[in-house]
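The same subunit A turns up in both complexes below, where it pairs with subunit B and then with subunit C.
Right after this comes the complex of A and B.
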């Protein structure tokens, strides 16, 4: 385990990030769609430890106060005359459809009516930290599920093509080439045009996974087919066939283990690629729609020059992608190295 | 659509100042006019001669032909190349003499006799007279030419008769009395007969004066004439030495030697080039960019202007079309809600217009409860109630219409169906999408579930105008003129931009019939107070019955370098270049 620290570090870090995102309901201080219209585009709040008299205190925040109509960094000033202490494990009652819902537990928060925005707010005064965490459910979730889908398809079709060869192989591989030539974005435009006008956030999410996953099977399928082609010539496969084993059992028992290392590495490479695909689609307004957050639609407001120029905290979801991608690539890289070692020693 | 960011423009709202391109004859540049030349002397201060002004366009003009131009950039350029008989001053919003120095109206209001300016010349030096006017109207009114102005020159479905009385006198006979008839002349650029008559007789007038035409073949009566056009890059206009206006000191206008329009495709790029100093004036900035420019205004070599609300109104509307010929059962079912006045009133009451003003426009917009904005100085009805947002009133209205709240907060109709609908927007218009997001949240507080559907602009238009396959949408309309007449298209049933009910269901609601009647009646009233009274009532009906839910009117925001003299932004027409003939550079050494 210690032999390959890079593998384990990246795996643990990824697991933590996913845990954070899955537990958004607990880690995020607010509902991601809750608007605070008096605090639109407020910069991140600072956590203070030292009060105005210079005494060390338990952590607290000072509320933003709007100066006139302007929003943005110069539109707000900190008002430390009424501070609110940062509390851990608070209960809040969210409001949905104009009705107050059951209280839920949150990791941290401040006593109402004060509010805490550690990452600032967006155009509508929605807490960016909460949106980042909930948006991760969409973006990271889409990446994982779409990768799972396209890999399963790739595995199935790759094994079939590689194992049976001849015309089956031809049909599947020409199909794969066709799919690789498909322009995804236009395909999504087309699919969207045929669907009913309003897709709920969940349907839009599933549609995205469907399109990304179903169009992405070709690359892994080609790779897996290559491995299967080699594997089916191996002595133990020929032996098994000689003993009368069925095709299914040969594939499952002898060929799949050979392929698994390639498939795993592929998965680690495909996930970030598909996360990026989701982000791109949502950025273009084709993915999950407002008010549900996704890292893509959160970035959409950066299309305006004024936001780009003066509201740096709106980059949050874009910046979050960088370490996640790096971790996934490290993970894929070290996984490949490790599996090669294992493969050789077998 | 070079104009995607702008609200939909409708057919009738042309705002060309008149237009006719000109040609670089080796013209005399003398300042003193010939003694018999009918020069119009402008009021106000005098400026300095010389220099060049850089402006920008969002896309290439499609044509330089005033007869066929429909797109905004074309009309903007043509407006500087040509002139009209009677002009609407964008600043005062009233008519003023242009090529016609005076006019008489017959007692019944059907006959207009226009006295033209004597001895003035086109920009190629060719003299102008009544034949040019008669020729121009013949071209515009010719059915085969398909000019968009043709409809404008019809009153009560019949065309206006034009007759030459003398070399500088023209008679216009209207089929019936028409309110503010002199405003009709504003959109009609006078054409040079000597350059275009042949093309017209050969039936080729629509193909003349394209963007590839040699500048020497184009002439007009406007302050500028075409010098050079490089597609995709820039259009350069030069001073028309024969222009028929002079300043109080007797200097012939315009002051500027040249105006160059750079083609800059987006507003953001325009702002960046303005900051870089490539562009001297910007004719329309969004509130976000305005705030940015205000924020980074370090060098202070430019000035930002908030000219107040323009003539644009943004509104939310529901699909009230008659769907009996379409197969759209789902939308048909929801129309039962949309047709309830209480439902629309509740939606209107629940929308937080102040938040839209603050969050979408950074405070640079004005909330609206009817279609006439405060920017329309002559026609706004100041007595329209402006109730603040009230969820309680909205809930009462919904209850009275049979809607109830379910245990989980969801609003349901009398059949127990949850109230859920979608709003179409085009993501290319960031402001409209933001408005939709605010409306979505506002209505969620009533228990309505609203989806926002972003679609490409053309697709939105196709659904609204052709297939009627939508539930609600947000649009903005902008009038080219402050007068109520062009608004007839929007507010009367059967109008081409009566967007929410292009095919009206029968029976028409009583209030809609009343609007139809008022809008028609005011066209024949000759007294302003009478017309105002009728239009005030139409506005009241719109505010009361909410056929569309008016939301906000964005302010006209413009910017200019400090060295631009005579700068006086208006809220209609070409916001910054409407008085291009009087703009000047304070930094040139020219004569004062």
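Right after this comes the complex of A and C.
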């Protein structure tokens, strides 16, 4: 029934992950910036099913209690004398900057004043699961939008270079070579170096998309140009030209459809690369800054040796990248396989 | 032959020129200037500021600044670092050397692993060896450099088997030659491992596909029918025939290694070009940024030239087509 299960499985899984991230407001139990200074660097909580008397119970969690002055894995102990049951579909009033906001619905939660941290907390006591979900909006969003930007630029320039040829082709392809002469991360650094350093989260997000998208056009442009060069010589294109079709309509109606599948495969390879670029930049403090979450700046606290040594749950956002990248590669791989069947790949 | 080399050389010079112009354009597009940042810096007196300004023409048009920069390149200074208050070249020299030590070691390690691994996967295509290599390269490909670097560092911190970060221990200057080398090697292990793991998946895949293409060609069948042993076919006949795309890859792999090493250097506090570039970006020190970018470009170009030269030496088919 389904011809290519790998393609569909990876596409569906990616769609689900993006849904989870887009719906962070519902799936995340807390606001990503809500701090709990008394519970900084608390390890992930365990969900219990069996209570102290050995009876099977509905799932519940035990709160962390600080043991002495230390924080960290050994600094907290579970206090199962006052348990709080896990509830589904709870309404909560988030607190942002000290102000109580409108109540919102969450997938799960516990009754206040108890709190639930299924992935632990960071140094400000912010819930890591919530930050992971909201941070995905930044990181995955930046990857997708930047890939869209650089791909549209690559499509435009690649089509123009391939279709019109002669000096336009020369100018555009020499430009592409110039951009590819630099190792990519260094190129990004070069552009980032001369842009303002301290920005709000939203501006930094847009700026990163712009920088990543605008510097990445060279490779897709070259690939697309190659496909256009072949497509230009096809019989139906020559026929259309013979019938007096304009260049614009030939490119849009006859050449773009042939290019689109190559472009889609390229997109599936570019997105993970650009997600990684955002993560790298935010990790180094040149991207989206605190307190807004991004998978990059969530890893930044690991640059402190004491955190790196004992707080394994801070790796969460880095580990989240692995399955997502795998899915993107599988998706690209099966698209590539389909192209080869259709005879469109090089 | 000579004309080909000459045109290649001219092309390279043009490319370097283009990159440097591009870098200067980026500075010019920047809103605000680093001069304002410097004015706030109490360590720079107004008089030095004025002197620097006239010497580097900081408020003159772009073309003039570019010409002044070219002159300082000719003097071997590569511009002036405002943060370090010194010409760029002496700063860059040691950093570039450290980065070279790291990347060249990592490159040798990754190729030394990738070639046998790729050959094994190609020789045992679709058997368990190939499957294992396919699965592990996919997972490595999907694992970001940041994660590998941090995980290795965490491992070193936990076990205390290896030094965590840096290039030397503090007392290294008083050591003898042998102890100094041993210290350096121990510090190299982690960053080289991180970089190798990052570069490996792509290399193994390329070696495998290049070997597969050769192994299915008629001449390999002919060697087999002559009764030549399997190992001899693989290493004596197939590998040289598959070398062509791999040598081109050698040039490209330098670029990916450089990009990877920037991040690994920062994570493992290796005193290379990467941390210097990051610091220069944060301190708005434009000439260091330009110098670091030029360095990376030069290294990439040198890698590609090296690959071309090797190709010419190794592949008789290319020499024959030359007029």
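The rule is short, and it goes like this: the second predicted complex is superposed on the first by the 320 of 346 C-alpha atoms of A that agree within 3 Å, B and C clash if a C-alpha of one lies under 4 Å from a C-alpha of the other, contacts with A are read in each partner's own complex, and residues count from 1 in each chain.
Definition applied: contacts are C-beta pairs under 8 Å (C-beta built on N, C-alpha and C of every residue); 3 or more make two chains touch, one makes a residue touch a chain.
As the structure is a computational prediction, the values presented were derived from the model and not from experiment.
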| item | value |
| --- | --- |
| A:318 touches, of subunit B and subunit C: first, second, both or neither? | second |
| First (subunit B), second (subunit C), both or neither touched by A:194 | second |
| Touching partner for A:182 - first (subunit B), second (subunit C), both, neither | second |
| Touched partner set for A:289, first subunit B, second subunit C, both or neither | first |
| Which superposed partner A:305 touches (first subunit B, second subunit C, both, neither) | both |
| Touched partner set for A:40, first subunit B, second subunit C, both or neither | first |
| Which superposed partner A:280 touches (first subunit B, second subunit C, both, neither) | second |
| First, second, both or neither for A:329, with subunit B first and subunit C second | second |
| Contacts on subunit A seen with subunit B and repeated with subunit C across the two complexes | 193, 197, 284-286, 303, 305, 309 |
| Complex contacts: residues of subunit B adjacent to subunit A | 268, 271-272, 286, 288-289, 291-292, 295-296, 352, 355, 358-359, 362-363, 391, 405, 408-410, 421-422, 424, 427, 430, 433-434, 436-438, 440-441, 444-447, 449, 451-454, 459, 469-471 |
| Of all residues in subunit A, those that touch subunit C in their complex | 177-178, 181-187, 189-197, 272, 276, 279-280, 283-286, 296, 299, 302-303, 305, 308-309, 312, 315, 318-319, 321-323, 325-326, 329 |
| Residue ranges of subunit C in contact with subunit A within the complex | 15, 18-19, 22-23, 26-27, 29-32, 138-139, 141-147, 150-151, 153-154, 157-158, 164, 255-256, 258-259, 262-263, 266-267, 277-278, 280-282, 284, 286, 289, 292-293, 296-297, 300-301 |
| Subunit B-touching residues of subunit A, taken from the complex the two chains share | 33, 35, 37, 40, 68-72, 74, 96-99, 123-125, 193, 197-200, 284-286, 289-291, 300-301, 303-307, 309-310 |
